[in-house]
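Just passing along the structure, written as structure tokens.
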Amino acid sequence: MQVTEYKPLIVAFCCNWCSYAGADLAGNNRLSYPADVKIIRVPCSCRVNPMFILRAFQRGADGVILCGCHPGDCHYTTGNYYTRRRMALLFSMLDYLGIERERTRVEWVSAAEGAKFAATMNDFVAQVAALGENKRLEDLRCKK
Amino acid sequence: MQRIGVFVCHCGTNIAGTVDVKAVAAALKNEPGVVFSTDYQYMCSQAGQDMIKEAIAEHHLGGIVICSCSPRMHEATFRKTAAAAGLNPYMVEIANIREQCSWVHKDMAVGTEKAIILGKAAVAKVNLNTPLTPGQSPVTKRALVIGGGIAGIQTALDIAEAGFPVDIVETKPTIGGKMAQLDKTFPTLDCAACILTPKMVDAGQHENIRIFSYSEVTAVKGFVGNFDVTIKRKARYVKEDVCTGCGLCTEKCPQKKVPNEFNLGMDNRRAIYIPFAQAVPKVATIDPDYCMMLKSGKCGVCSKVCTAGAIDYKAKDEYIEEKYGAIVVATGFNPISMEKFDEYAYSQSKDVITSLEFERLTNAAGPTQGKLLRPSDGEHPHTIVFVQCVGSRCEACSEKGKEYCSKICCMYTAKHAMLTRDKYPDTDVYVFYIDVRTPGKNFDEFYRRAVEEYGVHYIKGMVGKVSPEGKKLHVQASDLLAGKQLHIDADLVVLAAAIEPDRSARPLATMLTASMDTNDFFTEAHPKLRPVESPTAGVFLSGACQGPKDIPETVSQAGAAAAKVIGLLCKDHLTGNPCVAHADEMMCNGCSTCERVCPYGAITYVEKEFRMPDRTTKLRRVASVNEAVCQGCGACTVACMSGAMDLRGFMNRQIQAEVDAICK
Amino acid sequence: MQNKNERRREQILRISGVNPLKCMRCGKCSATCPSYDEMEYHPHEFVYMVETGDLEPLIHSASIYQCLSCMACVERCPRGVEPGKLIEALRLTVIREKDGNHMTADTIPAVIDDETPQQAIVSALRKYTK
Amino acid sequence: MKVSYYPGCTLRNKAKDLDIWARRSAEALGVELCELEDWQCCGGVFVAAKDEIATKLSSVRALAQARDRGQPLVTVCSACHNVIKRTNQTMRTDADFAAKVHNYMAQDPNHIAPYTGETEVYHYLELLRDVVGFDRVREAVKRPLTGKKIAAYYGCLLLRPGKVMRMDDPENPRVMEDFIRALGAEPVIYPARNECCGGYVVLENAQSAEKRSRTVSASATGHGAEMIVTACPLCKYNLVKSGSELPVVYFTELLAEALGVKEESYAE
Amino acid sequence: MQEITREALLSRAAELFRDGTVDRALGWRAGEFDYDVTPGVFTSAEELENGFVWNDFCGANFSKYLIRETGLTEKKVLVFLKPCDTYSFNQLLTEHRFARDKVYAVGVPCAGMADVKLLRDRFDGVTSVEGAEGGVLVHTLYDGDVTLPQAELLPDRCRNCKSKKHVAYDELLGSDGEVLDSHRFDEVEQLERMTPDERFAFWQNELSRCIRCNACRDVCPACTCEKCVFDNPASGAANKAPSSSFEEQMFHIIRAFHVAGRCTDCGECSRVCPQHIPLHLLNRKFIRDIDRFYGEYQAGAEVGSRAPIVDYTEGDIEPGEAVEGGARHA
């Protein structure tokens, strides 16, 4: 019997101005984090529609993380404030439906915080891995 | 389906060291739409770029994916490459397989697998890309400066010197602002008028500068490069182009009891007046609240004495409309009202004054011709108490004061104290302070001189109460270092009142859709990197309207704002960012939700007639995005329930395709 | 001892609702206080000593009975610290302890005269006893 | 109009003048002061601690009774006013405190509906200013006090904490001065008018209170006053005890004199 | 029994038709059964006289129909609004969905509207119902005539009525009530107290019944999009059938999210759900969270108000804290 280590699939939405740059900085400094994290670049965290997050879960993601500029530092002044409200409400709703709250996260990572980006991803991957596969928001039709 | 080419970069060993680039190129070859896939040592090199150009031509590529370093590094490079090969630059997508892959993963198999997935996501996105063309809008080569204080004057002069016409709009009858009221300036003690009035004259005579004094901005429409501004020119009842500024009328006017605002009401002027001798424009103005002719039709003295025939009692407010490419806000500040700080007895004694009033009392052109005399009895004060931080640094929910530090008070109080001791060595001068804040070139040295050379008594502690008893002001205060409560019988108390933005700023911000903080200071586009720009494109900030500032700081910010304006006006056209929001009118509900989240005021609504499926027509309210104003954040796209609002370059479908590719 | 001190401090902060960390040490309370000269420790020192937990000297000081509760310090504090409330809470903490009463009914006759209003007596008892 | 009236304990004893002239003057101005039933002493001082529940109950009972009558509550004594007004504010803003008060009140056999700060509390001076109006007072004056130079003495209780009392600008009040003007006299504005008289500390440190009171009367004298008016029995006591050169009079007595009701009363 | 009689509504409507103020009216109309009242458009006083129904089953909220009807006529549209309907009415005005001057709104007091489902649960073979003193008289085939107190037929939305106050009308018939201190969040809080597993089981049980009939969306006064994302193949969310448990969750999460901050809690979604799914508990969760995190907000209480989801403050709760129940902000 072959035992393969469970590898979670993590989708990370990163805003172009802070967090995506923070991820680049993590790379520049060779700060490693699991390859399970796949980054999608968006102009601002406020571009992330709840539908994108649900879709990621539908297609098999085990965790979704949103990264944006720190509140007050948004490139577009106010974008991440809206993100914060939208995601607070969405995550609370997912929790209410019994979806594990550890599968979603919002983290503010600035362009200077390469180390924080790597640490956040390490932590989040470990957190999701501990939960195991996403069963509650999966779509069997999308299973491999 | 596009015809897509994939180019995998080795970046020397930076990528190829942890990612099997050949395997990536091979795997992506099988993705939908991919007709060509290759790898190369350095894609960004000339040879690499030539290779891309050739492949575009040879394989009739409609879109390309570069698997390389971060798009923040070379997206612009590869877009130019594509454009050179005749491909729309927005048909290029980058898969970041260096910073976000090869550099953070050590295992070749793991790195390769992830690189392939990132490549697939980029391919999936390019499949849905559409060619984008940035919008172009012309630039009106004229700037508007709102506010004619030192900030506005400096900005206007710098822009004018660069060859662009500038208009200054000032609500008062003259430019000059607060600086014109000051006596000396710290830390060099040169006289404010000596350095300001030449600049005022320059502004008044500059061929590129028009001054609309006694005027207000009443409406602003349009956007960066294309503002339409309405300016109200208040009736001054004197023909500006006829008046010679001789001042005869201001001597003959029988109405002598008008509080002189320039001297903060400490003396009187006439109903027709020129604020001060160096006013620009040097033209008289009739104060309609006091002029007997305007109020009751009985007088007309000024008209009789005016040999130039400049008086016009029938004048009306006029509105002019003008186009501008850029707007600079320089509305400045005012000291806050001392009404709510009556423990200092400001409204109970004439001898409790604000620092600005003190400036006038020591100014040679002021009500006392520069002699420091008590307002109550005209006697020379022998004991003067200065109180710092009156209304500054209060708690956030304070009903009385401001939460911020007003920044300039420590220095001007040191100046006042020093000048007093210099001119009147027989005077005892006390300064009560919480902290003395002197970060500035030669600032702390200046303050130390006040203490060490001029013998000003600096006492750490606040004043609790000022009681007017007889001819004295009984000052009860803390001396925290000595652990004493002090009781000083003073002749004059000077309050360093907090400063606040001018009241005209709030309505102006609304007109400009420029954002403000809770204190009504204008917010900058970025607190560190874009300090003189407002988040609204084409609107710039100069001076204390953005936050408390001293003169050197104001002037440097004024110059910086001018540089930004010049940079904008130099362009004939503005090339927009094509990755902007766009509303699908057929799907738009016209509900105004997107408008509320737009930080730039880029969204407006229009009533449009639509042909309905049943051949009737219907008038519907739909959103319209001004592409020159939109910055492309995407806040509106999520606020929009129906999905009518989408963001070009980051469309819902594109992002979902990336999600799908990653999760597959 | 450490614990008792910490408990007292916690109680003082809780019942006064005052946050001494809001203090910017401007001394306006002490500049304002009409009883300044009667006190060994002054309003700004009360605030600082509660902040740092240095309560012992305050508890044994007569200063806590000198406050007139005139609220001038509360009124004028630019940071909304409300030193008067803190002093009150400190005094309550002391008098509520065993044998903590500062004044008793027996001592009253000696300090009143025929004209002393009832108001003065009930007020003093309320301020100085549990 | 009818208002609920809370006299307070001192007004039944040492400060009968404050009470009686308040009632007579109100009558003359067409306001009916309906004394609360079974009111209890307010306790003299507001103890500003979040866990002092029992000491506020008498005030809450008074407030609740006025609420049940549907009337505003009027006080005359500065101390009562301070205690009741601040208690009312606490009941309005501190839900936790109010809940604890309800728990106490529920033990009461004459249990009242939970009180949450519905009653409006007026000091008699506010009643004159905001409800009757000083213009009407001026019209009703029969014996104007013309030429009299009167120093209004606020002390601390009427004005502070300003955010709660909301009677006037605590640093530069004018309600008593306007009142004095309405009676035809000339107010004397002096800086010590909002300083404390020494209050209850007179029983703890008589010298301290004396110093405070002397400061006040000296300031009033120095500014040329002929008389001091006050709304507080303890202020009056402290000022007189400290040897004030000026007569100290309750504002209600002054009002009664100007309205002519004092004379009538003596004529009776 | 409702405070206002059918005759009173009819006579006022007739006047409005007569004086030319309106040329159409939105009102309740009899369906197949007495208790099966449906919304209808009437174009004359006579039509109203013949078809208009006003009884304890008139739960339908007409606000949404105004979008269409106001576009069809030059004159005004008469609409009868119960207190809870007026909130939807205002919310639609906030969103510029119809012109206020094209409507003549008559406020009607409401004593609570009976729930057909509760009636059907109680009896088999209901033939007809009528209003009676102190309740509803039900004629049944098998149980004879039974008079039920109205309270026993009230659905959750009426038992936990949030407001008897009309927040919009041109004219109010009868008396106006107050905003009520309801217990409408009790059930939400009960769910919040469960473990995640229990909550998941609860919702699986409820949502798995969904047949994607779209009735909840079609009746919802907040769901007025020109084109709904669920009908738009380009949106990536379109789906017509309940093909997997994910779809059910996705549909209801997105639907609730799209109306978050706009939902007035009128309860129409639960009223019309043929599968008896307590959909209002999803909407109320958002309302509850918004109140808790950002301060109390009632959509539709005033026209032009800014919903908290399109607003912010610098010190807002972080999403991580929000799932912890918002302890910091509670």
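Going in written order, the chains are labelled A, B, C, D and E, and every chain counts its residues from 1.
By definition in this document, a contact is a pair of C-beta atoms (placed from the backbone, for glycine too) under 8 Å apart; a residue touches a chain by one contact, two chains touch by 3 or more.
Keep in mind the model is a prediction, meaning the values are calculated, not measured.
To get from chain A to chain C along touching chains, fewest steps?
So the least number of steps between the two chains is 2.
In this assembly, which chains make contact with chain D and also with chain E?
B
Work out the mean Cα position per chain and let me know which chain is farthest from chain D.
Computed centres place A farthest from chain D.
Where centres are the averaged C-alpha coordinates, which chain has the largest centre distance to chain E?
Centre of mass proxy via C-alpha means gives C as farthest from chain E.
Where the centre of all protein Cα atoms falls, which chain's Cα centre is nearest to that point?
That would be chain B.
With contacts defined as at the top, give the pair, B-D or C-D, that has more of them.
More C-beta contacts join the chains of C-D.
Go ahead and note the Å separation of the Cα centroids belonging to chain A and chain B.
35
Per the centroid of Cα atoms for each chain, what is the distance between chain C and chain E, given in Å?
Their C-alpha centroids are separated by 58 Å.
Report the inter-centroid distance (CA atoms only) between chain B and chain E in whole Å.
47
Chain A: which residues touch two or more other chains?
Touching at least two other chains: 50-51, 55, 78, 82, 86.
Of all the residues in chain C, which ones touch at least 2 other chains?
Those would be 72, 75.
Indicate the residues of chain B shared as contacts by at least two other chains.
Those would be 343, 465, 597, 639, 652, 656.
Once the touch criterion is applied, which pairs of chains come out as touching?
A-B, A-E, B-C, B-D, B-E, C-D
Which residues, counting only chain B, touch chain E once they are in their complex?
Residues of chain B touching chain E: 586-593, 596-597, 605, 618, 620-621, 639, 641-644, 652-653, 656.
Using the touch definition up top, name the residues of chain B that touch chain A in the complex.
Residues 70-73, 96, 98-101, 103-107, 110-111, 113-114, 117-118, 121, 515, 523, 525-526, 535, 579, 597, 599, 631-635, 637-639, 647, 650, 652, 655-656, 658-660, 662-664 of chain B touch chain A in their complex.
Write out the stretch or stretches of chain C touching chain B in their complex.
Counting only chain C, the residues touching chain B are 22, 24-33, 36-37, 42, 44, 72, 75-76, 78-80.
State the interface residues of chain B toward chain C in the complex, per the touch definition above.
The contact residues of chain B facing chain C are 343, 389, 393-395, 397-398, 400-401, 434, 460-465, 476-478, 480, 483, 485.
Enumerate the contact residues on chain D facing chain B in the complex.
163, 169, 171-172, 189, 191-192, 219, 222
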